[in-house]
Amino acid sequence: MTEKFPDTVTVSPVGSMDLLSQLEVAKLRDVGRGDLRERLRRCALAVLNTGSQLDDARAVFERYADFRIELLQVERGIRLRLQNAPAQAFVDGELIHGIREHLFAVLRDVVYVSNEIEGRNGLDTPAAMTDAVFQILRNARVLKTRTPPDLVVCWGGHSIGREEYDFSKSVGYHLGLRGLNICTGCGPGAMKGPMKGAAVAHAKQRIRDGRYVGVTEPGIIAAEPPNPLVNELVIMPDIEKRLEAFTRFGHGIIVFPGGAGTTEELFYVLGILLNPANRELPFPLVLAGPGSAAPYFEQVDRFLRGTIGPEATQRYQVILDDAERVARVMRRGLAEVKEYRRDKGDAWFFNWRLRVEADFQQPFLPTHEAMAALDLSREQPPHQLAANLRRAFSGIVAGNVKDEGIRRIEEHGPFELRGDREIMDLMDALLQAFVAQHRMRLPGFEYRPCYRLVA
Amino acid sequence: MTEKFPDTVTVSPVGSMDLLSQLEVAKLRDVGRGDLRERLRRCALAVLNTGSQLDDARAVFERYADFRIELLQVERGIRLRLQNAPAQAFVDGELIHGIREHLFAVLRDVVYVSNEIEGRNGLDTPAAMTDAVFQILRNARVLKTRTPPDLVVCWGGHSIGREEYDFSKSVGYHLGLRGLNICTGCGPGAMKGPMKGAAVAHAKQRIRDGRYVGVTEPGIIAAEPPNPLVNELVIMPDIEKRLEAFTRFGHGIIVFPGGAGTTEELFYVLGILLNPANRELPFPLVLAGPGSAAPYFEQVDRFLRGTIGPEATQRYQVILDDAERVARVMRRGLAEVKEYRRDKGDAWFFNWRLRVEADFQQPFLPTHEAMAALDLSREQPPHQLAANLRRAFSGIVAGNVKDEGIRRIEEHGPFELRGDREIMDLMDALLQAFVAQHRMRLPGFEYRPCYRLVA
Amino acid sequence: MTEKFPDTVTVSPVGSMDLLSQLEVAKLRDVGRGDLRERLRRCALAVLNTGSQLDDARAVFERYADFRIELLQVERGIRLRLQNAPAQAFVDGELIHGIREHLFAVLRDVVYVSNEIEGRNGLDTPAAMTDAVFQILRNARVLKTRTPPDLVVCWGGHSIGREEYDFSKSVGYHLGLRGLNICTGCGPGAMKGPMKGAAVAHAKQRIRDGRYVGVTEPGIIAAEPPNPLVNELVIMPDIEKRLEAFTRFGHGIIVFPGGAGTTEELFYVLGILLNPANRELPFPLVLAGPGSAAPYFEQVDRFLRGTIGPEATQRYQVILDDAERVARVMRRGLAEVKEYRRDKGDAWFFNWRLRVEADFQQPFLPTHEAMAALDLSREQPPHQLAANLRRAFSGIVAGNVKDEGIRRIEEHGPFELRGDREIMDLMDALLQAFVAQHRMRLPGFEYRPCYRLVA
Amino acid sequence: MTEKFPDTVTVSPVGSMDLLSQLEVAKLRDVGRGDLRERLRRCALAVLNTGSQLDDARAVFERYADFRIELLQVERGIRLRLQNAPAQAFVDGELIHGIREHLFAVLRDVVYVSNEIEGRNGLDTPAAMTDAVFQILRNARVLKTRTPPDLVVCWGGHSIGREEYDFSKSVGYHLGLRGLNICTGCGPGAMKGPMKGAAVAHAKQRIRDGRYVGVTEPGIIAAEPPNPLVNELVIMPDIEKRLEAFTRFGHGIIVFPGGAGTTEELFYVLGILLNPANRELPFPLVLAGPGSAAPYFEQVDRFLRGTIGPEATQRYQVILDDAERVARVMRRGLAEVKEYRRDKGDAWFFNWRLRVEADFQQPFLPTHEAMAALDLSREQPPHQLAANLRRAFSGIVAGNVKDEGIRRIEEHGPFELRGDREIMDLMDALLQAFVAQHRMRLPGFEYRPCYRLVA
């Protein structure tokens, strides 16, 4: 699985990248700013490395330190030239077609964001940030104008046990039998299971255009590379836009057991749904797992109640041990979304009406200072506490699996998080359980916490 | 898995059955001959029962003795009305689309054969029997005129262990990565594994029209119902036409470990390839399995050498423990088939040039008399011995899993097979090994031999 | 327009003819009965001769007396080899694709009818004849199961003036703007105008799958070859099945000015609609022309009233000088057909419920004896008189433009038709007007009557 | 033809405009700058007015002075609301689909250019102007990456006689029979004929995706509205980008007889081909007309020789009275283009290699001052004279049919053009012939020259 493909391979573009102007190609080739070039190289490596058993971004980058990607300008457009790419991406010397699509999705999104989004003025208002999310999704051609709500976002850990994985697959299967499509963060575990299940069900129902949408971001893609089932891949520029994409673009969410990342996602969506402006919006949200995950969900429930309060728990439903029921509940929920949007004249393809405050949109850079400065006390409204807890878990994910985060931890030791004793105790219990259950890293790797809780 | 769907369900046709004349519908409704009506009911039950854990046709029929299927004539055409159908075929009260296709494939083939084929005069010449095979395949719309050789037939046991199953899946995966399609006898085990593997690979390669062709016959379909991945289903009228369909319609064959049925298939294809008229024809034939299957293939090889002679073994290649190599060898073999047919101006879609003698075409009805009368001695040319051994194993399959065969054994005791001592000894060794390895029936069922060997 | 393409050209099949069994190809090649082979040659010549300015079948056949068509058997199927074909069918040596489709439609229908229909027993009951019409249409793949009523049959003269032609084109245009499709007898004049108009309108409405269905028969195809706009061509075996196809397969009929053939068609449809069994059936029937055609329609109206009585005139509507209104009326009529069939559960694609009596189905061979024996007296029920008048006009068409008819007239002189004085006088007036208005033959040819009326 | 549709009609977008962000819609609605709003209104009116018999932009605008177009913002995107639109654009109250496409093409291009192109910095370098042409074409989705050269640009007068029109139709027919596609300036006359002919031929060849591309600009669209056959419409921001689009996007050019506009086009393409940098580029250019157009082409030829010299005449070929030969020559020419681009690795979809100097790219605003200042003397290199003559004829077109030009002439009298006597004499002769032949305006309108030549 870790062999390299020694030859130089030249790859032609697919999708929208096959029609570039000469100025655009020149600009691409001039990608002179070291960080953009490196971002491209790393994301490209990640999609080529799909299927690997590593969730440590740094280890991936080190193993393929000599991987080279180069843009060639030919009169007709561009080519990508690869060297020392992971061998598993090839069949008899040919790049697997799905991976080739992912490669050019990376090029498309990294460059589009750099050229069209980042250079804009006034990008920091909520409306402008939402607009950027929309633009990136549209440019990736994943918005479908005529399709009623059918896209189910599945969140959950990349590192889960066989039983939980099989359950997530079974849920995907029952969703697929009902003609629903899947959107995930596109890594392994709970991000892969539902797609696999849905793919089998779509085949049985003779649905040939089933959608397996992966939404990722440059920091996480190496640790959780898209599995090749993903047939629509979008790389959002940061975790906050990725989360906003999930909530505006998907029509309902299922949360499987997971670790810090899943908890971050839960605080994100609940923080938004707690916003009174969103009170009336139908938004199907189901927490689901096998019977054996009952203690997990109880603990999560306890944590949520103990931090942002019981009101939050009104917005979701927990279903254990009944994959088919999850699918039935989700289908009913989507029918409500459909009816609501039809009544209001809303678009199917983007939830414009959902209010997302700047707190949840501003990119959070988890430095030691930023982490230490987070206010994790009860002395703030619940949705603000949710925003801060979201950031705290986001930082922990970075320290666990993201290249930059790992480096920071190595250099400066664990992050310090401060807050009310009660909150810190709840958090400590939750995180210890995650560690014990191997939810922080893939099994086989010893977990060394990247955080320290201070009451 | 054994629940029944209590309501009456009315199903509209898909495929070619949605355009019938009033006379045709009337004829269908008049299906008054009890045996045709019953054949239809049983085949329909079989496809509705897909996924079940039973390989005993009689048990299936008994469990669903109150299953009813009725043809309704409406002005627009026909409808099928089902009652007490297996519940697993439905999702929220709707028949799964793939199963609906299978249901009408059954109606199409059973009726077409009855109306168009069986009534013909002079059906018993080799040319006419081959023509019937072609007509049924064409009527089922599975012949593709413009596609170069890409259809790989996979044979092997319906009852195999996890390791062999996973290997067959892996072979399917590597075939699928190379754009090849799969044709099997459409039951579980080695008939399902390659399709599942290929489906994943096709998804990765973004092949949306991957083919998973199932070719079955009324006697076997209940014991080995098509899994719903099968997206093209054909029910041939008897085992001999089914075998001829495999060899003329498929472009290469892979044989995984199996039991009596697989041995029947091996004798069929080798008996034909031993025919001097077919000596020049390229015909990729690979025997493949995991490393642990080495003893199995050695025993099969010994049996073949000891019966029809070493020449037969020249026509196949054994590959162990290397699924990717199986796929590469098969791809090379198909390239030779393509080149040969192009040179000769042959059709891609049907191997007209293959000579099949009447010995291999005449339906064999395994009564106790017929079985006892088989000449299993060395005093005949190898291809004739192959034809008789093919019949012997065909009878054993019937006695193991086919409804009629099981009844015969219950009534009259095991079949008697007679032959040279040496052949009988080899056969005894082979069959005992099959029993010991649980290749005769699905695990969990005690096996009681349906045959007795007499030297 | 009358050049020949000297080279031998080999043409591969399109459509259903590209998948034949070896027995079928052999049977095709053995088309040994001289008349079938000649029928094939003549129909093939007719479709290759499209666009020619000749409506005299005999002249066409004489000019291309050395045209050869041959069936070649190759391993993959069949090829057609042409020699001395009309040059206009080729572009830079390649057969125009639409004409190639027509060529294989000829092969398909002539052979299918010969093999599958004519050999049947008991073909002479009304139900069996209707079944044959259905089978031929289905085999030609022109029956669409899911499309609501949208097929407008346009009848009218092949020899009409510019003004009438332009009007028919304008009607076609307004039908096409409303998404309706066209079916005609597929010659020039009123059979071409509506298709041309509809094609422009379909392009404006971005309808890419507009249907221009031509239904012809071997006797008439040479005089009125399909124009290449026809994208679905069916050759019915005789004029009676052709007329039945129009009325069962089309959803409404527009009659433009014409000559004897159009009058035959009018008597056919009115004779059937006079049948009390059809009284309730909605059947939009419009007689339409430019303002200048008013006298024509008055005379036709007078003739119909004077022969089969005023009741017949209740079933149609005359619209002059308003092409758009014709289209609007037809659209409304089709909406009624749709509603009726939905209420009754009838098929969209074939009007099974229409009662057609044997009188209108039995092929009529217009020999001198048969023509002289026709009972054209008032002493019979109107629908029977309609049947006989239909036959009388059918004979006149044959004498005018069909090869066999022309020969008969040359040999034995004009047909004699006998009847009541009043009917004969009306008929005489009508036919003389047709002659004066050049409706019997294309302009530029002197018309010599092929009939003699005897009171 | 000049009725108005009184009701208010609300139209939903087709094509790329059905997926706009809320910011984009808001920006569209704020189209507050009076001139953009008015440009949109006029272009919209032009496409709704298709088929009208007016080529006087001002008259069109005056007749429909009360035509209103309004953008509505709904949650899902935008709608257009029309009032007092030309009635001919509707069928039973529904906008014809092709016209609806044109309407949104107008919105798309006018807004895209305003938002994305005009605001850019440094738009005035040749590379940037070419890039703008490319961007607009790509945004309109008319660039096809995988199609070899097959797009034939047809230039010629909007006001030509029946014989010339029929010839242009016949050329289109023979191009269409050869599978070639058509691109024109999308008005009547020689811009419509080839499309009509090609449409018939495409139907005969069963080509369903025939392309009829119209490239226009806001100043000319009202005088020469796209006929609805145009199934891909692009509105370039000015005449110079329109001409550059023709030469880079088309693969060959046929010039039919025309007036001042056609002469402008000829000077454009010849001026560019005279550039030594383009000497090696294959570029099929054919001047074609019926036999009766011989004097016209002789005069044009004389004028070209007398102004920019005989070298220019090497780059084109004149073909008279043989429409099929025009098509054959063009097909051969395209084959050379294909071979050349394949050798060089050039794109099929855009002729990047063609050198176009700033002289031919800078928008020329034909004021009286600018016209009077044009240097039409021999004392300059031929390609520069060509550039100036191009501008002179461009100004005459504006004075003839463009709204703004007509107003200027009314206000200030005819343009004055100065130059060498010899050139002025040639020009005088040419223009007088155009007037005499009714090539300056549609027949039925008296022509009053908008220019005065001063030697």
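Letters A, B, C and D mark the chains as written, and numbering starts fresh at 1 in each.
Please note the rule applied: a residue touches a chain if its C-beta (ideal position, glycine included) is under 8 Å from a C-beta of that chain, and two chains touch if they have at least 3 such contacts.
Just so it is clear, the structure is predicted and the values come from calculations on it, not from any experiment.
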Quiz item: From chain B, how many touching-chain steps at minimum until you land on chain D?
Solution: 2
Quiz prompt | Distance-maximising chain from chain A - centres being C-alpha averages | solution = C
Self-check item: chain B-chain C separation of Cα centroids, rounded to whole Å
Solution: 48
Quiz item: With chain centres defined as C-alpha means, what is the inter-centre distance between chain A and chain C in Å?
Solution: 64
Quiz item: At what distance in angstrom does the C-alpha mean of chain B lie from that of chain A?
Solution: 45
Self-check item: Chains that touch, pairwise
Solution: A-B, A-D, B-C, C-D
Exercise. Would you mind writing out the residues of chain D in touch with chain A in their complex?
Key: 18-19, 21-23, 74-77, 127-128, 131, 134-135, 138, 143, 145, 344-349, 352-353
Quiz item: For chain D, which residues are in contact with chain C within the complex?
Solution: 91-92, 96-99, 101, 177-178, 199-200, 203-209, 228-229, 231, 328
